[in-house]
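When the chains are written out, they are named A, B and C in that same order, and each has its own residue count from 1.
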Amino acid sequence: MSKKWLATLTSSAAVLLLGACASGDEAETPATNDEGTTEESSGESREVLVYSNSLAGGRQEWIDDMATEAGFDMQYVEGGGGEVLNRLLAEANSPQADVAFGMDEAMFFELVDEELLVEYEPEWVGEIPDDALIGDQMFHPLVEQRIFMMYNPEFVSEEEAPSNWQDLSDMEDFEGRYRVPAALGGGTDQKAILSIILQYIDEDGEMGIAQEGWDEVEQYLANGYQTPENEEQLQNFAEGTIPLSYHFLGGIPNAEEEFGFTAEIVNPEQGVITMREQIGVINKGDDHDYTAAQEFIDWFGSAEIQGAFVEEFGGLPVNESAVESAPERLQEIAEQTEPMDVDWNFVRENLNQWVEKVELELMP
Amino acid sequence: MMNSRYLKMKESNLLAKVPFYLFVLFVAWFIFALLIWPNVNVLIDIFWVDGELSLSAFDRLSRSNRAIRAILNSFLLAAVLTVTVNIVGTFIVLVTEYFDVKGARILRVGFMSTLVFSGMVLNNGYLYVYGQNGVLTNIFTQIFPNLEPNWFTGFPAVLFVMTFACTTNHMLFFRNGVKGLDNNTIEAAKNLGSSQWQVLKDVVFPTLFPIILTLVIMSFQLGLGAMAAPIMVGGSFETISPLILSFTQRPSSRDLAALLSIILGIAQIILLIVMTRNEKKGNYMSISKTKTRVTKQKIENKVANTVVHILSYALFIIYVTPLVLVIMFSFMNLQGISQSTLSLDYFTLENYRAILTNNSNYGPLLTSAVYAGGAAVLAVLFMIMIARIVMKNKNNKLAEWTEYLFYIPWLLPGLMLALGLIISYDSPSFLLFGNSVIGSVWILPLVYLIMMLPSTLRYIKGAYYSFDNNLEDASRILGSSPIRTFLRIILPALLPTALALVALNFNNFLADYDLSAFLYHPAYPTIGITIRRNADAANNVNAAAVNLVYSVIIMAVSSVMFYVVYGRGSKMGEKKSGVRKSRRRIKAPVIVSGLGDTGVDDPATGGKA
Amino acid sequence: MIEIKGLQVKYDEFIAIDDVNIDIKEGEFFTLLGPSGCGKTTTLRSIAGFLKPSEGSINVNGKNIINTPIEKRGLGMIFQSYALFPTMSVFDNIAYGLKIEKKSKAQIEDRVYELADLVELNEEQLGKNVSDLSGGQQQRVAIARALAKKPNIVLFDEPLSNLDAKLRKQLRLELKRIQRETGMTAIYVTHDQDEALEISDHIAVFNNGRIEQIGTPREIYDHSASEFVCKFIGEANYLGPVLINHINSHGETHQFDTKAKHYVREEKINLSVPEGSKAVPVKGKILQEVFYGTFSTYICEALDTTVRIIVKEDGTTRIDSKNDLTLYIDPKDILEYGGD
């Protein structure tokens, strides 16, 4: 009499299937009726589907509350920067997103290349410093990130401290005691490598980089410490086992508080890599109505919202009127460091093959 | 006249076979539209650059010592692991199901823990024991002060962890096999004067050969595809899968990922073909009448008995300690976790409170459960039908090829398959009956389903080998249609394996992140996405703790799933199939399929976490 | 009732059976006999519909059933391995076919109890699980299950070969009884010639995928149509050419072809003959003797031929000298195969 069991099994399968289909119909509605949205965009419901890598740690909930209050009907797709970019690129032939934000300029240039963005000048563009406007109206900066070397002054004196990335590999005292990337999937890890090779740009070199630069990277990686998956690099940093590391600006206040250290930041002569999280409207065809997307950008990038956002989650707004709201520690580090002059178009063209070369040939 | 009569007959025959032909049509469509076409497209997309074939991946790969070392490491691991896993796996099954070992029930629970305790969490658990600040390391350093605290690393560490982590399949499928053995054959062999060892060697193992073959293939694959262990405890011992994942995620490196993945896939399929050829030579059809249940064998040699008992409990400790530590550490705060120190000072319920009271966790968990569960059930049902066709037409080339085509998902990483689907169907396509995959809710479970197919097919086929074909004939001749026969006779016989596979597939994809991130529908984020959002190291310094808590919760959900579907499920199936009008104790039927009943005798299997 | 004409079954290139022609009458017990691999089971499975013949027809009551789906043929079948459904109780096994016919619960129950009576299963056994029954009981369940729908034709695929000798004998008689009581037509596959002789109305002897001979047990035994049949059914002594020449020299009616092969059944060689017999005397000696109680067998050598003979131990036959005795062979008992 296993009949009943089979019935249960098959019917549950059917229910699951039906469930999936039913929810499918339901769910596809908001995604497919762009036309519908646009007509009533000036009205109550302004639907915006956001793709972003900057929604973790309570950000999404915060944005959702604020945006709903402001009259937006939000949906989100989140992931790491690379994942969101991949998804946007894969969906290029039938884009789903209305707005993308959070990825850096190199990634946005890639979206421009694939004609995935449409031009829009937000209301707050006047509050952005001119040198930060590199997107040709296709995208605009929201938050600034700097990636820098740091040392723990409890274990490393100012005299001992390196003055530039490539010095690390020459310092015998710290052999195996400075952190190097274990993988290059993440943006911050990639920037550590960029910090070195961008000092050796050479048109004749392999992939636009002089051999010397590649050698420096190889040595840097060979003598450093790759944090295993089960260790916490900040813990190592705080305890002094690995007192030299690198970090991104926005994460510093929390890290210092949680692990109980105060980092000293190294500002090399060329400056520190500074990238900006951008925002742009996704291209969904000529006859698509972009009003809701544009209104969202106007709203989200405004000094008021950006100021409130960084107060809640940290970060250094690019919007000059919002900088004041940033945590003091961030403003302090921002003053201690100089942004490095980076040709992001050049980086975007070569980044992937650089990373691949490092992964394949230079990593120990 | 003759002719018209002949035609008529043919027609009626055809009509009777309509469901079959419809199914064949469906299979052909599925293979082409969902297995071949997307993968061909993604390979073209990857290797066809600017109008010509680009094979620079070979060149780039051959220049990379790191990649070549990783490939060699993967094969080394696969080869050695196949031996060690099968030894340990066979041992733990024999001591819990075949030999009379005291406390077999509790041992079984411990050995079954890997059903839900796997991947990164499991490795974390092992590090709590053997890692830098691990329990065992602390003991060792007191005895041998010169011991390097980081001793647990490299190939031996990976091999050690995986040897115990990868016995899950044994505890499911080999166990079913042993339980389904015919006691008469064992007794017969004993009567003929075989020693206990000879009985194992000459009767037990040969009878279970198809299952053992499958397990060899699967453990080889687990070794080749090793991911968590090399990352967590491998140190400088790198394997290929982590590289494939990072290459897959970068569009310009996808050719490398595809190439590496195809190398692994081909190795896997060559092994499979060689094994399948061997399998065909043998005859494992159950020729005996309905079997009698295996009675546990007492080990006669006293010394051997003691040694087996000691080994069993030593293994039990190896299996259980990491799990216990993971659960305990999930109640520690960040300090405790990052220092690997268990202490009441660090005890906190905050992490659990935060996650369990956050309502935004439950929707995604339900979504993931529906996706993974639906895909698991459908994949198993589908593969049961495919395996049936393959087994019924063993000498038919077309059937043979059909089988191999379903192993295609072994060739490319899941993410690439997803990409292939998107490239092929990013606008409404007639191949999908006017649908497009982008923005659809069902693409994610569909990819789950596709990824589940190869191993599911492999296991179901193994189960079919021990299914008595006469049962099917008997049902047909008693007047039951092929479909009814399938539902009433074949499916129940395969039920233990089928349920095990449903549970296994479900657990494998419940907490998926990589595929989710690429494919999830904005309205239905999966639990993998939610976990990442709440446990992202860049945004949450407490990430390690949150991750651990999520892991324990996922283990709990998986355990419930196992308990309900596999434990209770097959048990209920047994009861229902059992006795009418009999006042005697209900004895579970021993299924002639050779997989036996999987009734988990003690419901504790599920209730570990 | 069943008419098989020119049946051929191929596995790829291998021809399993060829040119099989059989006529089976209603109510008959018909046996397909032969060594393993001879095609008897293939023939049975073709009738059942598990195999699709490449040529020929199978007519049941004048209708060709080659293309009829298995489940529509209305046959009963009993398997060597019984093929009881392990996930069902004894009752459910027997009721399986009835449930497919959508009979009412009461009807099903009545019929199951009726069948249980027929095959002598008790109520307690009906409630049991099939694996709790002994081999003989399992076979009874299999028979009851096959008969549940009152099929006119029942196929038996070596149904007794898994049982011990005593049980086999007992069930053999019961099978015959059940067959007579139900009036069904039975088609029975076996490799056991004793079984075939005892139980059958007609026997078809298979060899190498072809039928060697069809006949009643007596016809097949006494007038084996081929050397194969002669050797396969019962015991037969091969007679060497010297001995045949000797017989020919005494022969008054028939001269045997010395290029052919000759056999004589062991019970047809006698040590003494009644007056007026045409049996030819042959001098021989005893090599070995085995006593079985009611009879003895002797291995004898005579004229370069070794034969086994059976002698009833009823006191009528006396052996005076082991080295000097006379065997009598009647030329009409000699079976001749081959030659010109």
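Everything that follows uses one rule, which is that a residue touches a chain if its C-beta (ideal position, glycine included) is under 8 Å from a C-beta of that chain, and two chains touch if they have at least 3 such contacts.
Keep in mind the model is a prediction, meaning the values are calculated, not measured.
Engineer: If we define chain centres by averaging CA atoms, which chain lands farthest from subunit C? Would you check?
Structural biologist: Using the mean of the C-alpha atoms as each chain's centre, the farthest one from subunit C is A.
Engineer: Return the chain label for which the distance between chain Cα mean and whole-protein Cα mean is smallest.
Structural biologist: Of the chains present, the most centrally placed is B.
Engineer: Please compute the C-alpha centroid of subunit A, do the same for subunit B, then give the distance between them in whole Å.
Structural biologist: 35
Engineer: Between subunit A and subunit C, what distance separates the C-alpha centroids? Give it in angstrom.
Structural biologist: 84
Engineer: Express in whole angstrom the distance between the two chain centres, defined as the mean CA positions of subunit B and subunit C.
Structural biologist: 51
Engineer: Can you tell me which residues of subunit A touch two or more of the remaining chains?
Structural biologist: 1-2
Engineer: Could you pull out the residues of subunit C that touch at least 2 other chains?
Structural biologist: Those would be 87-88, 92.
Engineer: Going by the touch rule set out above, which residues of subunit B reach two or more other chains?
Structural biologist: Residue numbers touching two or more other chains: 488, 492, 573, 577-578.
Engineer: Enumerate the contact residues on subunit A facing subunit B in the complex.
Structural biologist: Of all residues in subunit A, those touching subunit B are 1-6, 9-10, 12-13, 16-17, 19-21, 23-24, 26-28, 30-32, 49, 55-57, 59-61, 75-80, 82-84, 86-87, 89-94, 96, 183-186, 188, 228-232, 234-235, 248, 251, 254-255, 258-259, 313, 352-353, 355-356, 359-361, 363-364.
Engineer: Considering only the defined contacts, which subunit B positions touch subunit C in the complex?
Structural biologist: By the definition above, subunit B touches subunit C via 9-10, 12-13, 16, 286-293, 395, 468, 470-471, 473-482, 484, 488-489, 492-493, 573, 577-582, 584, 587, 589-593.
Engineer: Given the complex with subunit B, which residues does subunit C contribute to the contact?
Structural biologist: 11-12, 48-50, 64, 66-67, 69-77, 79-89, 91-92, 96-97, 100-101, 123-124, 126-133, 135, 138, 145-146, 148-149, 155, 162
Engineer: Flag every residue of subunit B that touches subunit A in the complex, lowest number first.
Structural biologist: Result: residues 60-61, 63-67, 120, 123-124, 127, 131-132, 231-233, 235-236, 242-243, 246-247, 249-253, 256, 334, 338-339, 360, 370-371, 373-374, 377-378, 381, 419, 422-423, 426-427, 436, 438-442, 445, 487-488, 491-492, 495, 517-518, 520-525, 529, 532-534, 536, 538-542, 544, 569, 572-573, 576-578 of subunit B touch subunit A.
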